[in-house]
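A short worksheet on the structure shown next.
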Amino acid sequence: MSGAAVLQLASQIALGLLLVGMLLAVIRLIRGPNLGDRILALDMIGVLAVGFIGGVAVLTGFSLYIDIAIALALVSFLATVALARYLMSRAARRSREAEQ
Amino acid sequence: MEATPAIAIALVVLLPFVAAALAPLVHRLVGDLAGWVVALVPVAGFIALWGLLGRVSDGEIITIAWPWAPSWGLELSFLVDGLSLTFALTIAGIGAFILLYSGAYLKGHKQGRFLGFLLAFMGAMQGLVLADNLVALYLFWELTSVASFLLIGFDHTRQAARRAAIQALLVTGFGGLALLAAGVTIYTISGGWDLSAAGDLKGHLAYPLLVGLVLLAAFTKSAQLPFHFWLPNAMEAPTPVSAYLHSATMVQGGVYLVARMTPHLGGEAIWNLTLMAFGGATLLWGAIAALRQTDLKQLLAQTTLASLGLLMLLLGAGTELAVTAAVLYFIAHALYKAGLFLVAGAIDHGTGTRDITMLGGLRDPMTLSFIGTIMASAAMFGLPPLIGFFAKEEMYAALAIGQFESLLALAALVLGNALLGAIGLALLIKPFMGQLLPTPIEPHEAPVAMLAGPLVMGVLGIFLGFVPTLAGQLAVAPATSAILGVPVETHLKFGVDLLGPAFWLSVATWVLAIGLFLRLDLARSLLRRTATAIGWSFDIGFDWVYFGIVRVAGAVTRLLHHGRLELYLFLVFVLLVVAAIGPLWLLDGLPRGPQTLDLRFYEWGLVGLAVLGVVTVVYARSRLFAILALGVQGLAVALLYLVFGAPDLSFTQFMVEILSVVILALVMIRLDLDTADRRPLEDWARDGGVALLGGVAVTMLLWAVIEGPFDLRLSTFFNAHSVPIAHGHNVVNVILVDFRGLDTLGEISVVMTAGIAILALIRGARRQKPVEVAPVEPGPQPKRRAARKAVA
Amino acid sequence: MILELTQYLAALLVLAGALFSLIAAIGVLRLPDLYTRLHAASKAGAIGAGLILLAVAVASFDGAVVLRALLGIVFLLLSTPIAAHLLARAAYRCGEAPTAATTVDDLK
Amino acid sequence: MSLVLLTIVLALGWAAATGSFTLPNLLLGAVVGAACLFVVRRYVSRPNLLPRALRIVALAWLFITELVASALRVARLVLRPDLNAHIRPAIIAFPLSVTSDAEITLLANLITLTPGTLSVDVSEDRRLLYIHAIHVTDRAAFIKQIAAGFEAKVAGAFR
Amino acid sequence: MDHVIAALSGVFLAAAIYLLLSRALIRMLLGLVLLGNAVNLLILVAGRLGRIVPPIALEGAKAPLAGAANPLPQALILTAIVIGFAMFAFLLVLAYRAYQSLEADDTDRMRVTEPRGGPKPPMSY
Amino acid sequence: MSGAMQDFATHPTDWLVILPVVLALLGGAVLLMLREAREAQFWLALSIVAVIFVSDIALALRVSETGPVAMTMGRWLPPFGISFVADLTSAVFALAAAGVTLLLLVYLRMDMPDRARRDGVYPLILLLLAGVSGSFLTGDLFNLYVWFEVMLISSFGLMVLGGRNIQLDGTVKYGFLNFLATSFFLAALGLLYGTLGTLNMADIVGRAGAANPAVLASIAALLLLAFGMKAAAFPVNAWLPASYHAPPPAISALMAGLLTKVGVYALLRALVMLLPASREVLEPVLALVAISTLILGPLGAIAETNLRRALGFLVIGGIGATIAGAALGNAAGLAGSATYVLHAMLTITALYLVAGLLEAMTGETDTRRMGGIYAAASLPSLLFFVLMLAVAGVPPFLGFWPKLLLVQGGIEGWGFGRDGWGLALWLAVLGNALLTLIAVSRLWAHIFWRAGHEAATTEAPNPDLKPLSPQVRWLGLGSAGVLTLVVLLLGLWPEPLLGFGKEAAAGLLRPANYVVATGLEGAAP
Amino acid sequence: MNSLIFRTIAPLLVAVMLVFSVFVLLRGHNEPGGGFIGGLIAASALTIYGMAMGAGAARTALQLHPLAYAGFGVALAALAGALSIVFDVPFLTGLWTIFEFDEVEVAISTPMVFDIGVYFVVFGTIAAVALALEDEEGGA
């Protein structure tokens, strides 16, 4: 098998694995049980999507897609931070409300 | 000094409007003398018109046209013939006295507005009778209604005045629309806007429609049954208005219209019989209703109804004699009725009451008024040699020969004239003869400005009676010719034909009138009891309709504008379904559907992920959960873009989708989470149903689109020229910044503007802490959740 | 030849990366509480994505791409632990209790 | 001082990333880097990174190898059928001896990326680092291991 | 392939409609996002799908590879995404403000402009 | 240049077609950068809009002399680049929009809270004008979508300025429904691209004939829905009465005067000029929409007690009139639509301005508590009276001429028996006139003639009436007065209006000149 | 967000993200990217900065009000298009000047300036919104 063919096959398999991973993460997202778990699941899906983009880049040979992957990593980090912040402020509000 | 026709028309039609605009200024400058000053306007008009009289009585038809809207074939064209000149002279002549009278009548009041309205009305009325262009005719027609609205509502703080004004406006406005429709119909048939060029319209398919529309217009304006009720109510207006608009001029607009249209529409049975039937009915109705009244103005208003009916009846009869009678009667009526109204005003002014049963013996304190009334009542009673007598003779002569309808009409005429005669007697005898009765004000004579009109008009009525041939030559015959569309020579001469049936019918009328006058009180109480027993009137009917419309409007508006956004949206989506699939279905354009499903496994995987994400968004119980699921579908869509060869899209979608989640999270920090979808079950099913249909419908449409051929030439062009000319390898980006850079310029403007808007919103929030209380509106308030305060 | 080799290497890397990513996802699904799940996500996730980026770099055979891949990996390594830390911290403050199996909890 | 150096680093990174080490491109990279650093200027002047660049690179290498090991271990763990039997999580307060923000941060990140540990929080007084560990049997040994391992290396890299 | 993605767009649309009818502002906003995605997919499909080859001319090439995806719909969608995002951001902050000031995020209870049992038209002249 | 670019130099006056948009955008951007210079903002905004107004005049003159003017951006050949095309319809509408905006800026100055200036009222107005001008002048369907959105987002911004509760509630309804409308438009134009392969309007004219009529009809129906929503046609007009009275009067005026008109304009362009065959298919739908809008609009105004909300319903009734023209589809009817749009831009805006003055005098928005203005203030009364007659279509005021054209179009469409829809539309136009007359005369009686509150038993004057301050009198009455004067003069001397209507209808029915001006000679059908 | 770890690492991340955003902006004409995406990345960077250091610090770092950047962007883009008037070509015509340095072509073009305008608009607007929302919260 030529290197190119192996690479094709490997990247396709990789895409499949990543998709399965995303499915599992979505299950976690649905099952929760807490908000933190769901945020984690979304973060996980973001990271898997970074991998997926890489996989597509390998599959097609358009290595320029790597920038998309980087950017996604950047913003999905931002999302997780924002969501964590949301959790935090909810905690703060709950304690405030409990005091009252 | 003889003015050219153009200058005459300008003086007659235009000058009053200019004067109207200046009237408040004039009043400010000269005070209570304003009436004298502005009366010069109709005087000038009268003189100018008088200069044309010779040419017109020689049979000439003068037309003047100014350019107006050439691109739509419109000219501001006027036509002076016997008919229009007769009306125009009447309007100008009486108008002068009315303005004079008004100045005195409203002494010490803010007259500026009032005189302005009167002048504007005068210009409009002159325009109405002189216009040849159908659009101009309608324009002036409506302007008379508008002026009338303002004048009836002059005493605007009283609801009765407002009601009368609105009633008059709506009834005449309703008829006006019919006139507009008729005018446009005539234009469509004849191809021109000038009525004089319309020719004979009787053969056309639309003839019955035209007759209906024209008569509707005429009947509303001239207060024919069943649209008569507004006219008595219009007596809410100050007396000069009643005298001028609501007896001598504006209400004659309908009569004028019928006369003007007779050459084009008249002669057919449908035209003649309708006019005679409605005219006759109105004549009797008004005359009988007048018997019931004790208020001088009401009494006069009802007799005006009768006279208008009488005129319609005569025009409906349509013979040369009948039309001549109509013209004569029009002149006579204008003179005596305006005079009577003015005297009524003088009495009101001089005694403080208009109730005929409270008045008596005024002949000594108000001698001049008494003299004016004698002349007017005599004309109304139809005594020779006043012009009213000739009118009556003429009409009896016209109808005494002929078929059943004519005889029926004749009977109505005799009865009507007798009733009017009785009232004429009552108007003279009740207030002026007998003993002086106590009145709210010590009776005193009105100033000369108020009495000039009645006296001069009365004298004129007598004078014309003595020179009927002259009147016939100058006005009556030319007017009759214009109405009949064929030249007519006058046959009027001074004298009484004692052998003709007309005279004996006159005698019968007088006898009947005197008899009725003697039993007036009985008749009045009888009629009043009847009216009470019926308990309904056309006037009440107007209220039913008016408030019915208001009520329906309220109900419909509350039904449609309920304020529930979800229902507004629901409707929109239902329409979306209909729009997307309806035409496709009706025109047999439904798609074949997919033939193969050639997706690669990872494409299927992404589709599945997207669907899973979407379903999760929908079913997520907590909102943050839903937001996270939203992120999932967004990522799936972005990845789909990637595998379909759209990396830029994918890039953007990632960023935007995630940033949406970020902003949602930032905002959600401040929102108390609410967990459940609060929809009741039936809503759930309903919404789900329309959602499903919407999805299916748009999918079908999209399928139908992609199953058709596709032209890629735009993209072929972009692909070909991106690198060589635009120096860019990424075609999508080149489209964004070069080929279609303007889209992007708009797009970034949207982004920037969104920034401004959002900041304005957030600043608003900062200003408004603590939470402001919503303005209290009637109706039940939604329950408020107290916990929310802590959040904000 | 070198090209062929890099292709095999890239294939290996991409498979390894995908596998790690999948395992991280399995961990996220299977582990008992948020804190333990974060372990899987922050380690295996970062590694998985990082390996795939590396695979792209290797497969591209292009210095610029390699540097960008390294940049991406560095970024992942910087951001992933911080995300995990922030999330754990927030969840804890929010009162999300660790699994009952937890032996010590000094934060209490 | 360090801003200038960071600018140069960023310019080189720029040139590398854009794949063109030409003078205009380097200048552009410097301009871009300087502009971006300008935004965050107040915070980057504190850690004086460059003199310890080599040690930092060494640390980074350690970091990556530990990371791979950690990932493998987690992978083995989550694939076990009897997963719950092999974890004994704990949240442990680790007494910090490093004091600067940079050191604490670096340590915390390293801890997160290495086997079975995750930094949850730093106490208000910066004395304690709360670490979640996935499997702890001996608390004292756990603390000792981190103090001797990563903390020492981080301290070494920065002093 | 195109038919499936078209149907996917339909699924998005259906979900969007369902959410937009939910009366809860935040859900409605999510519906707007889904609606945007539905329309974007629709445009992509309407311009006919291409497969994985982007419309980018490689280094030295004068044009993108044969079989590259249609670039125009992509550019249109890009613009639409950005605009949709701006609109979404505004409406989101608006929802927040409405919630804060009107104390309701249920559209059924947001009735300031058209209050329940509003005034009846006066029966007078 | 290699057959991809235009090989002729751009004539300087061709720039007139894009200048309004560029100036407005630039102006908005610059004003945003100068947010701290409060006083300068006004003068800058005023001068920019004045320049736009002058440039629009020049454009209208140029178009009326030489026919449609076009510029295809980026020097690309049409239909590949985005074309801006001004025919007389576009040019005159753009001119009216700029004129109205100019007066509104003056009006707004009469009581502009400092915070509104801080919140960006001037940039927002300029951007609104950019969106409106762009919508009128663009010759590209997707570009039209973009300008719609510019318009929409700036109207959002204007609508929430000040942030009172009623504004928030109104904007929620306005926002969701209008954003949906633009989304439907976007979907429809995506589908149209998928069917015809082009976005350029002139190009669509040449290609629509060859496409699947069923698909085109469905797309046209979607466009009708989208533009109908934007225009506030029944039954998708609920957002308008729910929102237009919420912001301050000047802002209401701006929206009522400009926004729905753009929807109507787009409707006319799309259904009459671009997809005439589909318009014929949809004629019954258009007719039903027009008839119900014609009747229900004024009914709402009759029922309403909030003055500006009542005016909103009058706006809706007018939309019915314009759609009636589109439903008739003949020259007179379309001329009626085009002139109606122009009339409404001027008259409705002026009415809102006067309404704002009335609210300032009475401190009320409820007609039941306004009363007494007729006796107290002549000039506002006069302005309102003229405008209310204009809106009711009473001659010689402006609104009469469109009504005349529509009545004419109705008779022509009806043809004394050929087409029942023509008759129904004809009757509905007349019915609308009567109902509108009822509505405005009621407003007049309640606000002006009645002495005081509705409930008050005495005829004593309204004690709550406040005289207008000199600032308000000059700026407010001045700007409303100028607009009213235009309404009056155009009514008395209708040749410009009717000439425009004739040309506009001809342009919509026979777009050959439009197509040629765009640069697509071969494409004309 | 009062986390020492986050606050320490954030400036570094932000600087890298900003550089990356400019990179994405400038090569957008040839590869995926461009002003819009670059602007979004820059705005994300600023948002992270704001979350870590507080909105006040982010505002200080920006010197001007973020919306002024947006205004500048629109003005820049519009002027890039309006430059065409000088050359008798239609609005938004791409004008290119290519300099040669060391055998390397450096192109300056109006589409590039236009794209930079886009970058500023997106950056300024999103940053403005994010910071305003951040201010509202006052940092949790």
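Letters A, B, C, D, E, F and G mark the chains as written, and numbering starts fresh at 1 in each.
Everything that follows uses one rule, which is that contacts are C-beta pairs under 8 Å (C-beta built on N, C-alpha and C of every residue); 3 or more make two chains touch, one makes a residue touch a chain.
Everything numeric here is computed off the predicted structure, so don't read it as measured data.
Tell me the fewest steps from subunit B to subunit C, where a step is a jump to a chain it touches.
Tracing touching chains, the least step count from subunit B to subunit C comes to 2.
List the groups of chains still linked by touching once subunit G is ignored.
one piece
Out of C-D and A-B, which chain pair has the most contact pairs?
C-D
What is the chain whose Cα centroid lies farthest from the Cα centroid of subunit G?
Between subunit G and every other chain, the largest centroid distance is to B.
Distance-wise, how many Å sit between the C-alpha centres of subunit A and subunit G, to the nearest whole number?
Result: the chain centres lie 26 Å from each other.
Roughly how many whole angstrom separate the Cα centroids of subunit A and subunit F?
Computed value for the inter-centroid distance: 47 Å.
Averaged over CA atoms, how far is the centre of subunit F from the centre of subunit G? Could you give it in whole Å?
Roughly 36 Å separates the two chain centres.
Could you list which residues of subunit A touch at least two other chains?
15, 22, 35, 39, 41, 56, 62, 64-65, 67-68, 70-71, 74-75, 77-78, 81-85, 88-90, 92
Please output the residue numbers of subunit C that touch at least 2 other chains, ranges allowed.
24, 26, 38, 46, 48, 62, 65, 68, 71, 75, 78-80, 82, 85-86, 89
Where in subunit G do residues touch two or more of the other chains?
1, 3, 5-6, 9, 12-13, 20, 23, 30-33, 36-37, 40-41, 44, 47, 67, 70-71, 73-74, 78, 81, 91-92, 94, 122, 125, 129, 133, 137, 140, in rising order.
Can you work out from the touch definition every pair of chains that touches here?
Every pair of chains meeting the touch criterion: A-B, A-C, A-E, A-G, B-E, B-F, B-G, C-D, C-G, D-G, E-F, E-G, F-G.
Which residues, counting only subunit B, touch subunit G once they are in their complex?
Touching subunit G from subunit B are residues 647-648, 650-652, 655-656, 659, 662-663, 666-667, 669-670, 725-730, 733-734, 736-738, 741-742, 744-745, 748-749, 751-752, 754-756, 758-759, 762, 765-766.
Please give the residue numbers of subunit C that touch subunit D in the complex, ascending.
20, 23-24, 26-27, 30-33, 35-36, 38-40, 42-44, 46-48, 62-65, 67-68, 71, 77-78, 80-82, 84-85, 88-89, 92, 98-99, 101-107
For subunit G, which residues are in contact with subunit D within the complex?
3-5, 7-12, 14-15, 18-19, 22-23, 26-27, 46, 49, 53, 57, 60-62, 101-102, 104, 106
Which residues of subunit F touch subunit E once you look at their complex with the stated criterion?
Listed in rising order, the residues are 142, 145-146, 149, 152-153, 156, 160, 163, 165-166, 168-173, 175-176, 179-180, 183, 186-187, 190-191, 193-195, 241-243, 245-246, 302-305, 366, 368, 442, 445-446, 454.
Write out the stretch or stretches of subunit G touching subunit B in their complex.
Of all residues in subunit G, those touching subunit B are 28-37, 40-41, 43-44, 47, 66-67, 70-71, 73-74, 77-78, 81, 91-92, 94, 96, 107, 109, 111-112, 114-115, 117-118, 121-122, 124-126, 128-130, 132-137, 140.
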